[in-house]
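One chain, chain A, appears in both complexes that follow, with chain B as partner in the first and chain C in the second.
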Partner chain A sequence: MDSPLQSLPLFTVGPAPIMASVVVTWAIMAVLVLGAAMLTRRLSQVPSKAQAVAELLVATVDSQIRNVTGAAPAPYRALIGTLFLFILIANWSSLIPGVTPPTATMETPAALAAIVFLSIIFFGIRGGGLGGFLRGFARPNPVMIPLNMLESITRSFSMFVRLFGNVMSGVFVIAIVGSLAALLVPIPLMVLDLLTGAVQAYIFAVLSMVFITSAVEKGRPQPKKES
Partner chain B sequence: MDYIPLISIFCAAFAVSFGALGPALAEGRAVAAAMEAIARQPEAANTISRTLFVGLAMIETTAIYCLVIALLLLFANPMMP
Partner chain C sequence: MTFDPWTLGFQAVNVLVLVWLLHRFFWKPVAGMIAARQVAAATLLDKAEAARTEAEAASAEVTATRAGLAAERDATLATARKDAAAARDTLLAEARADAEALHDTAKAARVRAAETLKANAMEAAQGLAITIAGQLVARLDNVATDAAFLGWLVEGLAALPEAERAVLAGAPLEVVSAAAQDGAAQNRIVKAVGAELGGAANLTFRTDTALIAGHELHSPHFSLRNSWQADLARIAAALHEDAVRDAA
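Right, the complex of A and B next:
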């Protein structure tokens, strides 16, 4: 059985080996970009069915962001919404026969977690300035500086391992069960996989929102405690 | 005798079994508490279930860590020649 921890190159372009997950990722990106372009090309005051669905999606993402941060969702909508949609479609792409979801290989979740790690720094600096962001590490007191720095790395790492582990274990279990009894037996597991994929996409988006918010909040000047 | 594969497989099973035990108990307690909270305050169900999902993901991560360690032992064992 193939190791789930390493991915094999599908073909090579010049010196660069191209993995199957890269091809699937580009296909998902094309679907997302083309879908968004076609949906937003003809926007009207009285929405068509497709536009109503898109508006519902955006409104849901907005309300979730507002619930988590308590602030206006506009600066975070693009990042969080894209993360959610990409991970959701990537997780559900296992429904297409022969396609391994790119989130089930190590590279894609690692890249997504790296994006979140960098955007935490970006939004933290934009929220409180460089000084405020750095001072946020010294909260609640300077003894915590090493722990806070360690935490900022480990929480991104745990997002990576969580997404990778969940999706990969689902794919792995389906492969094992499919090799034992291929007909109809893996279907309940695939349904469970759909649920897990949706929950993991939601959790990835919410957690990145929570971490960005905490970085922004820590950067703000703290109000004096009254007591 | 080459005993490293034997020990690796045994330890992988050990890691997964005990790594599943703790998070299962913890998730059970978390869900039970959330159920109780929703029964008391049905109007706060949205907030509670969102917090529950995030918390469950946090708890589940420990089990996933154990799974990854088990897979490392089985497929990418550094001790294996």
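Right, the complex of A and C next:
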């Protein structure tokens, strides 16, 4: 059995090795984009079942964003919603025989955490300006600047490690159990893996929203305390 | 454990591309449809609210109209009751007046009938009295009766004023007697009248059995009634006056 911590290239494009996780990601992207395009091609005021499910998903994402930020969900909807959908589908792709979820390799969660890290910076600067964003590191006082800067890195790193660890461990356990008793025994673990995958997708999306909101709030001018 | 930077880069780009594609093909259209449906629902709610407001206004108008109709009906009923009461009072007053008029008419007719009956009775009694008096006179002594009536005639002339007696003296007078007077009787009458008037009397004689008994003296401007017929007429007139006085 190959180690789940190892990624072997399927093929190379010039100097770049193309890993299986990248190919699976492309497949997930194709499924999501084609499905979305087919679904939204026939939108109507009286929704079909598929459209109702899609609208329920959008409304749920909007509600979560509104509850966390207290602001309009439109600027964050595409990023947060896509992160949730991609991680969910990627985690659940482990049900397909022979497919290793992209999130079970270190590169994909690291890429997702890097995107969240950059998004925090982007939305922080957009919300309070560059000065406001940088001043946010000096709150509650300038002594906290190093710790705040370290925290901005570590919290994204923790998201990466949490997602990778949970998904990888699930795949690893199923692989071990499957190698010992391949028939029917791994099924409860696979069901548990479905739950874990959904929970991890939700946690990653919500934490991303929380960190972005925190950066936006810190970048805004703070009201003066009354003495 | 391996960590491939190329794969990190590919996956980062893949996720960013996926964010853009899903924003383009999923999140934006679906969110737009939700917003459009919310706008349509809000429009429908506004229209429904406007329709409800309009319906409430129409209902209030109908209620007001119904209240106006009720008030108008009450006013009409009150007017009708008032008119009916006035008509009833008028009819009652007219009926009462008609009844009183009929009562008065009946009373007057009854009085007239009683008077007529009384007059007829008086006439009958007078006729009966004349008949009785005539039959009684037929059994009396004519000479003595004539003498008595002649004496009453002279007393009547004596009761006249002097001036009137002076006018009658010498004027032509007619003596009407109940029975024919022979020469001696006429001489007694001429002597007695002439003695009372103070000279010779210019008398003519006529007989009228309707007088029953007695002598009367008449001229164109003078009449001295002295007979049972005249007495009965005076009695009947007195009785009639008493009856009229009693009726009043």
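Assume the second predicted complex is superposed on the first by the 222 of 227 C-alpha atoms of A that agree within 3 Å, B and C clash if a C-alpha of one lies under 4 Å from a C-alpha of the other, contacts with A are read in each partner's own complex, and residues count from 1 in each chain.
Throughout what follows, contacts are C-beta pairs under 8 Å (C-beta built on N, C-alpha and C of every residue); 3 or more make two chains touch, one makes a residue touch a chain.
Predicted model only: the values in this text are computed from it and were never measured.
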* Asked: Now for A:T196: first (chain B), second (chain C), both, or neither, which partner does it touch?
  -> neither
* Determine, under the contact definition given at the top, whether A:N148 touches first (chain B), second (chain C), both, or neither. => neither
* To do: Have a look at where A:L79 lands relative to chain B and chain C in the superposition and call it first, second, both or neither.
  => second
* So, does A:V210 touch the first partner chain B, the second partner chain C, both, or neither? -> first
* Asked: So, does A:R162 touch the first partner chain B, the second partner chain C, both, or neither?
  -> first
* More chain A residues in contact [chain B versus chain C] -> C
* Quick one: classify A:W26 as touching chain B (first), chain C (second), both or neither. => second
* To do: Would you tell me the residues on chain A in contact with chain B in one complex that are also in contact with chain C in the other?
  => 3, 5-6
* Any idea which chain B residues touch chain A in the complex? -> 46-47, 50, 53-54, 57, 60-61, 64-65, 67-68, 71-72, 75-76
* To do: Enumerate the contact residues on chain A facing chain B in the complex.
  => 3-6, 64, 67-68, 158, 161-162, 164-166, 169, 199-200, 202-203, 206-207, 210
* Structure fact -> Per the touch rule, the chain A residues reaching chain C in their complex are 3, 5-7, 9, 15-19, 21-22, 25-26, 29, 32-33, 36-37, 39-40, 43-45, 47, 51, 54-55, 57-59, 62, 74, 77-79, 81-83, 85-86, 102, 105-108, 110-112, 114-115
* To do: Would you mind writing out the residues of chain C in touch with chain A in their complex?
  => 1-4, 6-12, 14-23, 25-31, 33-34, 36-37, 40
